[in-house]
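What follows is chain A paired twice: with chain B in the first complex and chain C in the second.
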Partner chain A sequence: MSNTNAKYRKVAYYPGCALEGTGHAYNVSTVALGRKLGLEVEEVPNWNCCGAMEVKNIDPKVQTYLSSRVLAIAAHEMKAATVMAPCNGCYHNLKKAEHDLAHDPASRETVERIARKAGDEPYRAGEVETIHALDWIKHGVGEEELRRRVKKSLAGLRVANYYGCMYTRPRHIFPEKDQGPGSESTLKPHFMDDLLAAAGAVNVDFPLKTACCGGAHTLSDSDISTKLVLNILRAAEAAGADVIATECPTCHSGLEMHQARAEKVLGQKTKVVMLYFTQLLGIALGLSPRSIGNHENASEALERLQEKALA
Partner chain B sequence: MMEERIDSARDARALLAIAEEVLEAWVRAHGEEPTSEVREGFRLLALHHQGTRGIPSFNACRETCREIAYRYNLAAFEPFHPEAPARLAMMAMLVRHLALFVGGKLEVDGLGDFCCASRPLRGEAARGPGEATST
Partner chain C sequence: MPIHERSLIRPENLKTHEKLVMDGVDVSGHWSTFIEPRVVTDYNEALEEQIAALPGGEFIHRCWQCGSCTNACTVNAVNPDFNPRFWIYLVRIGLESELLRDKDIIWQCVSCHKCTYACPRDVVPEGIMKAIAHWLELQGHVPKSRSTLFDEEFTRQVVETGKIEDGRMIRNFFAATAQPLRQDWLVAMATRVARRFPVMLGIKMGLAALFRPRTRGWQRHQAAIEEYLGEQDAKRRKALGIGETQ
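For the complex of A and B:
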């Protein structure tokens, strides 16, 4: 019996800014994976920034509006039931907007006012569901189907799954999590582990899967970030990982960037490489390294895959 | 064998004590006396709970604290497990992460604010009278 959700097989796709820049490989691999699995992705037309860090710092309610505008286009123009965001930052901000609009009259008032001024129909809480790319594959396809479609098992590849912070925090904006068997856990997230295990990978016992990497301070205080990231990389290596699987462009580029910085500034070299979970699943389904953007990774991911006869 | 068992338990206790000291420093830096209470059997978790009051971004190290407690239990209750040394090593890395995070947050208060508390880094600007949008 399948526990997959038919509504996730066609989603409004919100790539967000990072997936057009540093996280381009995540964008390419997400779309390629979706196609391979027979999932339909339709990009939200005329989408805007979710408000990310910059707007949120200045005025959080404007950030709520910006995120709600993306949801409004999906709901009103695309008539979509589900918006899928692969970036943790975007996913987090859309979920936060949803929460704010459901619980905070002042946020509703601001969104209403700005949307009307722009000549748009304001978004109202509950009109669409926001999901992460992990939910999309987990519930739209499921492990059973994924296992059946694997062409090149990831067997022998030892993976540490790093979820970062914004996928699960703060808990109150993710009401669907921590709902018992089948739901995601905010304490010990496991969806990425489940999917990669279905593709044959060996998930190592990695206790820093949601640990702070100092990401928001990457630019303002690089030393703290470098030390935090170095500890994450070392823990992954100590756990025996060949690869750190990521599901967020900011986490991914932060790990890669501070890996290089740790070597340069602290003289501390680590060998673990970073790959998006969509790249790993793409490889398992028989997609070529190039088609999943492997050449865009900063760490030597291709070499590691070749060592394991996966590329 | 007994020697190893005693050492494993002792090392785990020592690591747990270091983790508690880290959180004590955080609590004291915020003008409070560190609690001697326990939560779910651990003073570490009670200290984290105390440290989080009024500072939701401190939840950024919640899972790290819980993982330390878990590794302590593994070391204490399965001292002869073949992976005991590896488990202790991982516990040490968790304690190190906690120290790095708390040390970093004592220097840069905003650490964890954006992500883990879903709160803007410039709190004053966001909460003050200028909060209403000018748009």
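For the complex of A and C:
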């Protein structure tokens, strides 16, 4: 798995709704990082929402349809082999659609019915491969190349890698994970750790890598979300982290929002800051803070990078 | 180590008497506490079938009560009364009245999928939490939860335009739940973001509020999805033996 893989160097890019709103910095930094690394990124034209968790709660098969339409555009219009989604929610949903279409005849039937009614060719399982932005850098570039291209080492930056829920759970929709050396682990994911270590960062021993931030109810049940986020922030601080590296816009903005809320409502102040892993890698490769959307971070991320002489 | 989930004896069923003599025997005080017997006669034999008819509840019959879901649960760690294993048990034996005691917290599942990950029988407990929450609302036992109001607003936007827009989502959700937008922490959050907020992004978001982002040619998809959702809603109501949409 160490040699770079051609099919990951040219991908259909599916940003999703969050990356056009609260997760805009993730969008900017992902595109800037790809460009810097010479990866080809072409946005899926005229995409729609993947259905997120909300549509799934109303009707899971409609969510499967919505996700499958994105896959269909990538497969039929773009003739792409790989779809890359940086958002955990989108990534999870595309993977889930792929799994359901391969294994559940009722899902297949519903997707075909809605697609045909809308005048589209329905997506069939196996036409494209869905990957996360982490797979994209890990397999398309790899640690060795990354290490060679580092301009400003992240040495001295202590990082807690936070993956959240949707990147690894439930296991059955990620058949390529847990396949031994070189593959991602669903219990102890390490792709982000590997990439940031290659950029020189010190990864702290962080026990809450896959804990839940309560993102599903970030606004509808804020008290529970604040408690869950505070746990994560405290654990990162206890592990000695300066920064929490994130790879999901919902987790990232959830941590930022509830850090502010914990301070206001519970009087609990935490100092750790949040940065997308694409922002951290961008800094290491010599990109300016502005070009990776640093000014859009709500926590004191820019100040922290300046303290460490990285910005 | 066994998990101590709950006491089977509820405080309100314990009877202690300061002074009580029965057949000449003094049974005052707590040494001879009485426990009121509870005879259950109000089983809802259709309950499991009804939950199984709602999305997410399909695999409830597979459960063999190992408790892995509750042991793995994120919300259970915050509130010990949140107990998926117990609710699945109550649904399967039809103990509706007992289930209703927890009707106000079942919607709080955060869909972290730890239960689904841990379950050795592929029950998908996360789906069952959603099915029970829907069932409670459809049967009129609880008003729509904030979570449901959020899901409905979100789904409405996606079905109408193919996309959602964060600003509109937040505004409409706070209006639907009658919460003021001017909350200390929201203001603090907005201030944090505004510190070095780029003008261009501000303009872009302003435009998004005026001209909703939408997927081109979405009307055909909207019609196809709405037709399907209508059919599904009717099917579910029929399975639960209830009338037309509100």
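Please note the rule applied: the second predicted complex is superposed on the first by the 309 of 311 C-alpha atoms of A that agree within 3 Å, B and C clash if a C-alpha of one lies under 4 Å from a C-alpha of the other, contacts with A are read in each partner's own complex, and residues count from 1 in each chain.
Here is the rule we use: a residue touches a chain if its C-beta (ideal position, glycine included) is under 8 Å from a C-beta of that chain, and two chains touch if they have at least 3 such contacts.
Keep in mind the model is a prediction, meaning the values are calculated, not measured.
Under the clash rule set out above, the superposition-derived model of chain A with chain B and chain C contains a clash between the two partners. More residues of chain A are touched by C (comparison of chain B with chain C). Applying the stated contact rule after C-alpha superposition, one finds that A:Pro15 touches neither chain B nor chain C. Contact with chain B, but none with chain C, is seen for A:Arg234 once the two complexes are overlaid on the shared chain. Look at A:Gly140: by the touch rule set out above, it reaches neither chain B nor chain C. In the superposed model, A:Lys96 lies in contact with chain B only, and not with chain C. When the two complexes are overlaid on their common chain A, residue A:Pro207 makes contact with chain B while staying clear of chain C.
Once chain A of one complex is fitted onto chain A of the other, the partner contacts of A:Glu256 are limited to chain C, with no touch recorded for chain B. Only one of the stretches 19-27, 37-45, 91-99 or 109-117 belonging to chain C overlaps chain B in the superposed arrangement, and that stretch is 109-117. Taken together, the two complexes place residues 53, 57-62, 65, 110, 113-114, 117, 165-166, 169-170, 211-212, 214-217, 220-221, 224, 227-228 of chain A in contact with chain B and also with chain C. Against chain A, in their complex, chain B makes its touches with residues 56, 59-61, 63-64, 66-67, 70-71, 86, 89-90, 93-94, 96-97, 100-101, 104, 107-108, 110-122, 125-126, 131-133, 135. Across the complex, chain A is touched by residues 55-56, 74-75, 78-79, 108-114, 116-117, 124, 127, 130, 145-152, 154-155, 158, 162-167, 170, 173-174, 177, 184-185, 188-189, 192-193, 196-198, 201, 205, 208, 213, 215-218, 220-221, 223-225, 227-229, 232 of chain C. Chain A contributes residues 17-18, 20-22, 24, 46-49, 51-55, 57-62, 65-66, 69, 110, 113-115, 117-119, 165-166, 169-171, 186, 211-212, 214-217, 219-221, 224-225, 227-228, 256-257, 260-261, 263-265, 295-296, 298-299, 302 to its touches with chain C in the complex. For chain A in complex with chain B, the touching residues are 53, 56-62, 65, 92, 96, 110, 113-114, 117, 164-166, 169-170, 173, 187-188, 205, 207-208, 210-212, 214-217, 220-221, 224, 227-228, 231-232, 234-235, 238-239.
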